[in-house]
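The structure under discussion is supplied below as structure tokens; questions concerning it will follow.
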Amino acid sequence: MKLSTRQLTLCAVLTAMALALSYLENFFPLSLAIPIPGIKLGLANIVTLFALYALGPGQALLILVARCLLGAVFAGNMNALIFSLMGGVTAMLVMIGLSRLRHLSVYGVSVGGAAAHNCGQVAAAVLTLGNEAPLYYLPVLLGVSLFTGALTGLIAAFLFRALAHTRIWEA
Amino acid sequence: MRRFGALLAALLLAGGLTACGGEAEMQSAQVFAMDTVMILTASGGETEAALKAAEDELYRLDRELSRTRESSAVSRLNSAPEGAAEVGEELRDLIARALDFSDATGGAFDITLAPVSSAWGFTEDAYRVPAREELEELMAHVGAEHVHLGDGTAVSLDPGTQIDLGAIAKGYASDVVAAICRENGVAHSTVSLGGNVWVCGGNPEGKPWQIGIQDPARPEEADAYVGILRMSDGFAVTSGGYQRYFEEDGKLYHHIIDPATGYPAESGLTSVTVVSEGTEGSGTMCDALSTALFVMGEERALDFWRSGTFDFEAILVTEDGRLLVTAGLEDSFTPDETAGYAYEVVS
Amino acid sequence: MRMKWSPELHPNGWDALAAAVVVVLALVSGALLYTGGPGGGDLTAVVSVDGGETDRVDLAALTGSEERVYESRGYTLRVTFTESSAQVTASDCPTQDCVHTGAITRSGQSIVCLPARLIVELEGTGDTDGPDVVIG
């Protein structure tokens, strides 16, 4: 993939934003309301969603991987890497598929991505723990992803409207 | 580091041991010692005091009998100049008993295999297959005849000979715990020290304790048994190659070394359980004999049982899928049919 | 605007369908996982670290509450067991998810502490034929 300086810069800014959103999320600890490990709003998904539409799957994936790697480095927790990567990549693949269907709005794509993200994380937990106990969280996590997915979809929709007059993604 | 962690965990667990009232209720304690997790449950009498004392004793025995702790009595003997040391009454008596078991089992039980086990890496968890010449050199120093009991508490070893009480220490520990429980009037108890079990008093409902014997073919399944042994008072100890082994070039090497060859015993058995009544000292005997019978193989083991040298019963699992139980256990053992072994009662 | 793809910004029937699929998945996985487990009966709490069982507490045998301490991967967790529940009451792990989970009371439920790789699971012990001790 050959990136123009402009694209590269945009990718970097989006990666930084995704990281900032991941950090911001810590101030809204969803796990206090629903005590399940790994449960969160998934605000960073807004960036993934935006990048997917604006820049295409290749660059979106690049941003995702960079975000996961840097996030793990900043947190000093390489264990978390497998979780965020499995969740993020699963979500990415599902969202690519859903967005290509062209029938779904950002809301549907976002909900699908959130649900896939949770499936990926549960799979990572089952794999690293060598125990099927995390599976029991799956139904609840899927239910929760309806709301978190809708929320990130809503924010992304705002974002697209707000940026409609700009041309920042033009190469 | 692992030992430090285990010790820390043990200390914390000891601190976490809490009193919960109600005399008939079973209280429990966990002890991380002798490279295993020990689980003790008891009720009646001075349960709390008994469990506390048992814990302390288990840590003490771990300190004294471990070959990998430099400060242990065993290590002091192994590293003594001229191979001679005053080892204290307890260790001397234990070594004396070990030598008796070696003698009685025709050398199938042997505490002098230490350098050979180390060569295989079983002592330090650094598994490897030693060269034949290396083993031959080490085997020259193996055998009960290289251990000499001196006057008083003196014990001496021939040059090159090292002892390891690993095959008898947990059995001895179970005897010690049993004695503590009796002294404190414990009415019901189960004590499980990594393959060594002691039970007393039957369960609180007045029935015998049920002891599951692990299926050696499915060691990773917690509820896979070859059968259930019902026993109110007594010791039961299982030895099996499946408990510790490593694989190299497609071949499995387990931790029970045949003193005759220096190689893991290939006796056609996969698991041996030795059962005896709860008389004093039987725990040590069961531990030593379970290893010895495993090394002997089916035929020699059953002949040994028939000889009546020691009073015990046995459950043998063979590589070819048979489950052999000596006659004395016929009424108290129920094979688990789902395990798929051909069940035979031997007399 | 010239995006790679222009996104649809208003929810439509297809979105409802996607949401419905997620709901169905949640219900089906819930039904598969939560049925079949013994409901009542005596509970046993199983504590495992790194996928290996490290402790087993027969909750029915407890009268009051009992606290046990587990160490794993440098973290210390205090778990309180009662006749009918298990709960991580304190942990020095960074996420605190295990503490937030609160008390679990039904067979099949579990508390997971990922940083410590520790799991507390409840098992039903309706099977009275199970052995008291296992050797080997």
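So that you can tell them apart, the chains are marked A, B and C in the order they are listed, and the count of residues begins at 1 in each.
Convention: a contact is a pair of C-beta atoms (placed from the backbone, for glycine too) under 8 Å apart; a residue touches a chain by one contact, two chains touch by 3 or more.
Please read these numbers as outputs of a predicted model, since none were measured by experiment.
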{"item": "A-C against B-C, pair bridged by the larger set of C-beta contacts", "value": "A-C"}
{"item": "Chain occupying the middle, per Cα centroid", "value": "C"}
{"item": "Distance from chain B to chain A - Cα centre to Cα centre, in angstrom", "value": "54"}
{"item": "Rounded Å distance between chain A and chain C, as computed from the means of their C-alpha atoms", "value": "25"}
{"item": "Chain centre separation in whole Å, for chain C relative to chain B (CA means)", "value": "35"}
{"item": "Chain C to chain A touching residues, read off their complex", "value": "1-12, 14-15, 17-19, 22-23, 25-27, 29-30, 33-34, 48, 50-51, 95, 97-98, 100-102, 108-110, 112-115, 117, 119, 121"}
{"item": "Chain C-touching residues of chain A, taken from the complex the two chains share", "value": "31-32, 35-38, 53-56, 79, 83, 98-99, 101-109, 111-112, 115, 125, 128-131, 133-140, 142-143, 145-146, 149-150, 153, 156-157, 160-161, 163-164, 167, 169-170"}
{"item": "Contacting residues of chain B [partner chain C, same complex]", "value": "5, 8-9, 12-13, 15-16, 18, 20-22, 25-26, 28, 30, 37, 39, 190, 192, 195-197, 199, 203, 209-216, 219, 222-223, 225, 228, 236-238, 240, 242-243, 271, 273"}
{"item": "Contacting residues of chain C [partner chain B, same complex]", "value": "53-58, 61-71, 76, 78, 129-136"}
